[in-house]
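Shared chain: chain A. Partners: chain B in the first complex, chain C in the second.
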Partner chain A sequence: MAVRSGRSAIERGDRRFALLAATPAALTIAALFVYPLGYAVVLSLYELNDKRPAATRVVGLANYLQLLGDEKFLASLARTGVFCLFTVFGGVALAVGLGVLLNQPFRGRLAARVLLLVPWAVPPVVNGIMWKLVFDGSYGVANSVLMTLGIVDHRVQWLAVPDLTMGVLVFAELWKLTPFLTLMVIASLQSIPASMYRAASIDGAGSWQRFWRMTVPNLRGTIMFLLIVQSMWSIKVFDSIYVLTGGSGGPAGATTTVNFLAYLTTFSYLDRGYGAAMSIAIMVLVAVVTAFWVLVLGRRGKEASR
Partner chain B sequence: MSALSGRRRWTVGRVAHRLAVAVLVLWLVAPFAWMVVYSVYPSTNLRATPMSFDPGDLTLTEYADLLSDPSFLLPMRNSAVVGAATTVLCMLLGSLAAYSISRFRFRGSQTLLLSMMTVQAIPAIVLAVPLFVLMRDFGLYDTLVGLVLTYAAFILPLVIWMMVSFFDSIPVNLEKAARIDGCGRLGVLRRVVLPLSGPGFAATAIFAFITAWSDFFLAKILTGPDAETLPVRTASFQGLFAMDYTAAATAGVITALPVLALALVAQRWIVQGITEGAVKG
Partner chain C sequence: MPAPHRTLTRRALMGGGLVLGGATLAGCVSPSGSSDTASSGALEATGDAGGEISILDDNTNSVFKNGLIDTFQEQTGITVKNYEMANFNDLHDRFATMFAGEDSSYDVIMTWAGWSAEFGQAGWLQEISQDALPSDVIRPALDAVSWDGKVYGLPKFASVQTMFWNKEHFERAGLDPDAGPQSWEEFVAAAKKLTTDGRYGYTCDMGNPAGAYQNFLRTMLLCGGELYDSDWTPQLDSEAGVEAMSKLVELFRVHKAMDPASLQITNASDLVEVFAQGNTSIVFNWPFQWSVATQKGAKTSAETVGNGLLPGVNVRSASIDGSEGYAISRFSENKAAAMKWLEFASSATSQTEIVQQEGWFPVSQEILQDPATLEALPVVETYQKSTEYVTKRYGTPWSNELDQLLSVHVNRAMNGKEEPQEAMTAAQQELEPIVEKYLG
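Showing the complex of A and B:
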């Protein structure tokens, strides 16, 4: 009896300690994350434009309905789709390739892996400035190199032609994000036992076969994880667009992805209510894309393991 | 026979592999190296055809200018203070919360952990206006305190997520022994658990610092001239039509150097942190 009540006193103490210890973090997150999120939902139900403060009123779901017919919004969604297509699939595919490349034994392998941290550590704003120095139309080194090699015969205005600007943006983002994805791939590759590969090559499997039959299936979980996080990051891209286009999302809106349009709507057009609705739509988009990856790849994984 | 197999021949595949590695290394380093070059040569040298890299023209004028310009030194100081304060706050609150989730199953602890990941999916733009209003109402707009609190809320979920996985890998028996020896609950965390999770702790702290230091979006929205941070100041060097390339490159190098150095010095911990996270996920 005495022992039992003694134990429960410790348990009670444990519980009190656990709650006390978790409270400061939970409060910080609640005050500066959950509360603003609720605020944003309410805001999205208002017509609230700082250019016409007198016209403020509750409009319910009208902002969301307006989104469905807003050509600018739909065009920005399409641009986000294109950007994601290249950065998500391109980034993950490149990461798998580079991971395999850096998983082979060679002298300097460790140093090469450490250098993968360079793009990861460079702040996004600096990333934008870096590529602006490279792709400047008049003085950029990209033009100098291409002209010296005879690939182009005039200075290309990389950041003035819509498709080229999107290309530069994709290129800049791939530089920044692929190395981190590669590190994850290498980590996952290291958990595949080397004896499996040896056994397979003794059985006569070529390197191509080993890659598709052993490496890729073993990376399935990692690839799914990378597709999810990279989709999240790509939908949210902001800093490099801002720096590369001088805060305009141009030329002619060519790099105004949905996240950037929400920024412009809120902070340039001062359309707070509509901007809030748009940003919540982005949040839903992220959730839908994540659920899509989990469903599609999760089910395939089950089929494959059956 | 053994001599032959000991020294592997340079097959086509091997040469192709080394070439690919060389291209990769160039790709990783060249853009940043080019920015450094841009920051130490007068722009006239780089705009000439062909470019001139005469060592006699090397100059640190731009660095001297920026590092003596109060409007650049203030953001530098702000970024250092905000980065350090955010890291300390996140690691303090984060380890407490993570320890509590990892060791004591209380009602809502799993929900709390799951919500940590959900938070990652929410774009900062959703919270921009509400945070701005909140900060203004509490007199925290354009203050370092406001920025530190906001960063803490954004970074804490990731810190807790990482720390829970490190704590989970530490055997509970050690703590039981310490408790029997008369160590309090907080003492166990401080004297037993935290020292054992050293590399994980370091990796998480570095993640927190780099995230806080590198942020542009929130700082742009929540600060004015007083609490402006380095990324915001650096971004302002580029305009839509004109850009002072040498100044922008120099500011870029100064903004990137602290986090780059940190990442390279602590590379073993960071890679280990990423690895453990990946194996778990």
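Showing the complex of A and C:
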């Protein structure tokens, strides 16, 4: 009995110490995350447009209901979907391909891996400025190269035509994010025992079979992680759009994704209540997409391991 | 009976956190508006003022940093603690964030018609009493700092768009270099003739929402239209509105006399360079085009740059206003000293520098009438002529929403995705509820 109470005292002491040790971190998180998030939730329940201060009032969930019928929001959601389609699936597929390639022994592999990291090391704003200059309609090097190669016969206005600008945006994002994704794939590939591949080869498995039946299943966890983070980043994309389009989300709203629309609504139109509702909706969307990937890939992983 | 042993469970901790968080939010969040600590009455002129001020300006005028701040400090004894210049395109959001947080870091901010209306209506700018306005200020320039009958600042320079042309290009194309096009028809004919040698006759800057709005509005005024009627009902789908859109589309798609890069150029500073480097023959631009086109390094000079009124479609001419000014933050704790800065910026001392060093039009009556001004800035003559014609900007609290929605339809029309009538009808339908929301 004495031993039990002694243990309890020790446990209580440990618990107190743990709480004490965690307090600074908890307070920091509360200040930097919980408070702004709570503030955003409160704002989203208000009609609050700074240019109409007299009209400020609590509207409950009206802002959220408005979102459901807001054509601009729904259009931006569709645009975000298209953007994600290319950057999430394209980015992860590209990363797996590059990862497998860079996992093969060849001369200059180390240099290639180091070079791969360069785009990831470039600050996002610099990345945006770089591609803006490259795709400038008048002086950009993209046009010069394409014209020299005879692919186009006139200067293409990459950032003035809606579809082309979305293409440039996808390209700039893939350039920025693929190195990180590839790095994760390479790290994961290195944990697959080489003996498995050797055994498979002895059993007569070809390259494709080894890739589909060994590499991909062993990368499942990594791929799920990459799909989750890339989905989150793609839904929340902002900096590249801001720099490439001069803060407009144009041309013709072609690059106004949900996150950018929330920014425009909050900071350009000063409609802080509705903007906050959009931001919360985006947060929910990110959570739903994350849960989707965990459920889909997690379940398949369990089925495969049975 | 032993006292029940109470342990700190995770659920209890979370519950406590929620209660604490809710209480904190309830205590701290006040989305319903700003505090009443800032004074709300109109600011009167002051005699002596001391202390120090901080100013957040755009990067249009470097004359302040290059000497005028020193002069101001000597004249008034007020210290300019911080003078910061920032890119115009970044300022709006910065101001909005600053004001929403009731930040008093900056006493004076740069403004123009749209922001004066927007931030003025939000109650973020200090209203200035009519009695406090210096007698020397040109009254129409006050539009840049006014909204709904209230004045929120003082102008620092006046600006209207005029036409600039490259006389060498005109001569080579067989056009009279000394007489610019007098009508839209003549302008289109000239621009077509000047589109040669891989260069376009005309270039503009409609690559961002504000640019699209300005270029459309200017053409609409040149068609003899008005953006709103006397009741603020939008007129985008009026005859003049549709005609304006058609004229721009024709210039681009039918006559092919407008540089396609026009849809990508996002500000006047870039357009200025395109002209000054001889890469286009005609631009409709702000007065500082003259000073850039005649400075060292430019491929144009005072002898080769022509300047005149914008060519009208249904009227002889019209133009848009781009005047800028300074306003005082409502949250400033140094309003009297800030007012001294506003007065200084619109005074003859500052205006002389702005005109002669940077090529903007003066807001001081004395400087406008000074023969030295015309000598330093020949385009002032065109400015004086332009006062006979309509010059508007329609700065409103909904300017950003309008710029954004209009730019979508202007771009679609220019790219052939919408017919001009269709584009203007759609823009009108989108704008009406917005205006109703703010004025209704």
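Structure notes:
Everything that follows uses one rule, which is that the second predicted complex is superposed on the first by the 289 of 306 C-alpha atoms of A that agree within 3 Å, B and C clash if a C-alpha of one lies under 4 Å from a C-alpha of the other, contacts with A are read in each partner's own complex, and residues count from 1 in each chain.
Everything below uses one rule, namely that a contact is a pair of C-beta atoms (placed from the backbone, for glycine too) under 8 Å apart; a residue touches a chain by one contact, two chains touch by 3 or more.
Predicted, not measured: the structure shown is a model, and the values here were computed from it.
In the overlay built on the shared chain, the residue A:Thr215 is in contact with neither chain B nor chain C. In the superposition on chain A, contact of A:Ser76 is made with neither chain B nor chain C.
In the superposed model, A:Gln157 makes contact with chain C only, not with chain B.
Using the contact criterion defined above for the overlaid structures, shared-chain residue A:Ser234 touches neither chain B nor chain C, since it reaches no partner. When the shared chain is aligned, chain B comes close enough to touch A:Val134, but chain C does not. Of the two partner chains placed by superposition, A:Asn63 touches none, neither chain B nor chain C.
Using the contact criterion defined above for the overlaid structures, shared-chain residue A:Thr255 touches neither chain B nor chain C, since it reaches no partner. Applying the stated contact rule after C-alpha superposition, one finds that A:Tyr269 touches chain C and leaves chain B untouched. Once the two complexes are laid over each other on the shared chain, residue contacts for A:Val125 go to chain B alone; chain C is not touched. A simple residue count on chain A separates chain B from chain C, and the partner touching more is B. On chain A, the patch touched by chain B and the patch touched by chain C overlap at residues 15, 19, 35, 39, 43, 136, 245-248, 267, 272. Those residues of chain A lying in contact with chain C across their complex are 15, 19, 30, 34-35, 38-39, 42-43, 46, 48, 50-53, 56-57, 136-138, 155, 157, 159-162, 245-248, 250-253, 264, 267-270, 272-273. The residues of chain C lying in touch with chain A in their complex are 8, 17, 21-22, 24-25, 29, 31-34, 89-90, 92-93, 96-97, 99-100, 118, 121-124, 207-209, 259-261, 263-264, 266-267, 274, 279, 397-398, 400-401, 404, 407-409, 411-412, 415, 417, 437-438. Contacts from chain A toward chain B in the complex involve residues 13-15, 17-19, 21-22, 24-26, 28-29, 31-33, 35-37, 39-40, 43, 98, 101-102, 104, 106, 108, 112-126, 128-134, 136, 139, 141, 144, 175, 179-180, 183-184, 187-188, 190-191, 221-222, 225, 232, 235-236, 238-239, 242-243, 245-248, 259, 262-263, 266-267, 272, 275-276, 279-280, 282-283, 286-287, 290. Listing the residues of chain B that touch chain A in their complex gives 17-18, 20-21, 24-25, 27-29, 31-32, 34-35, 38, 43, 46-47, 49, 51, 93-94, 96-97, 99-101, 103-104, 106, 109, 112, 119-131, 133-134, 149-150, 152-154, 156-157, 160, 185-186, 210, 213-214, 216-217, 221, 231, 234-235, 237-241, 243, 245, 248-249, 251-252, 255-256, 259-260, 262-264, 267, 270-271, 274-275, 278-279, 281.
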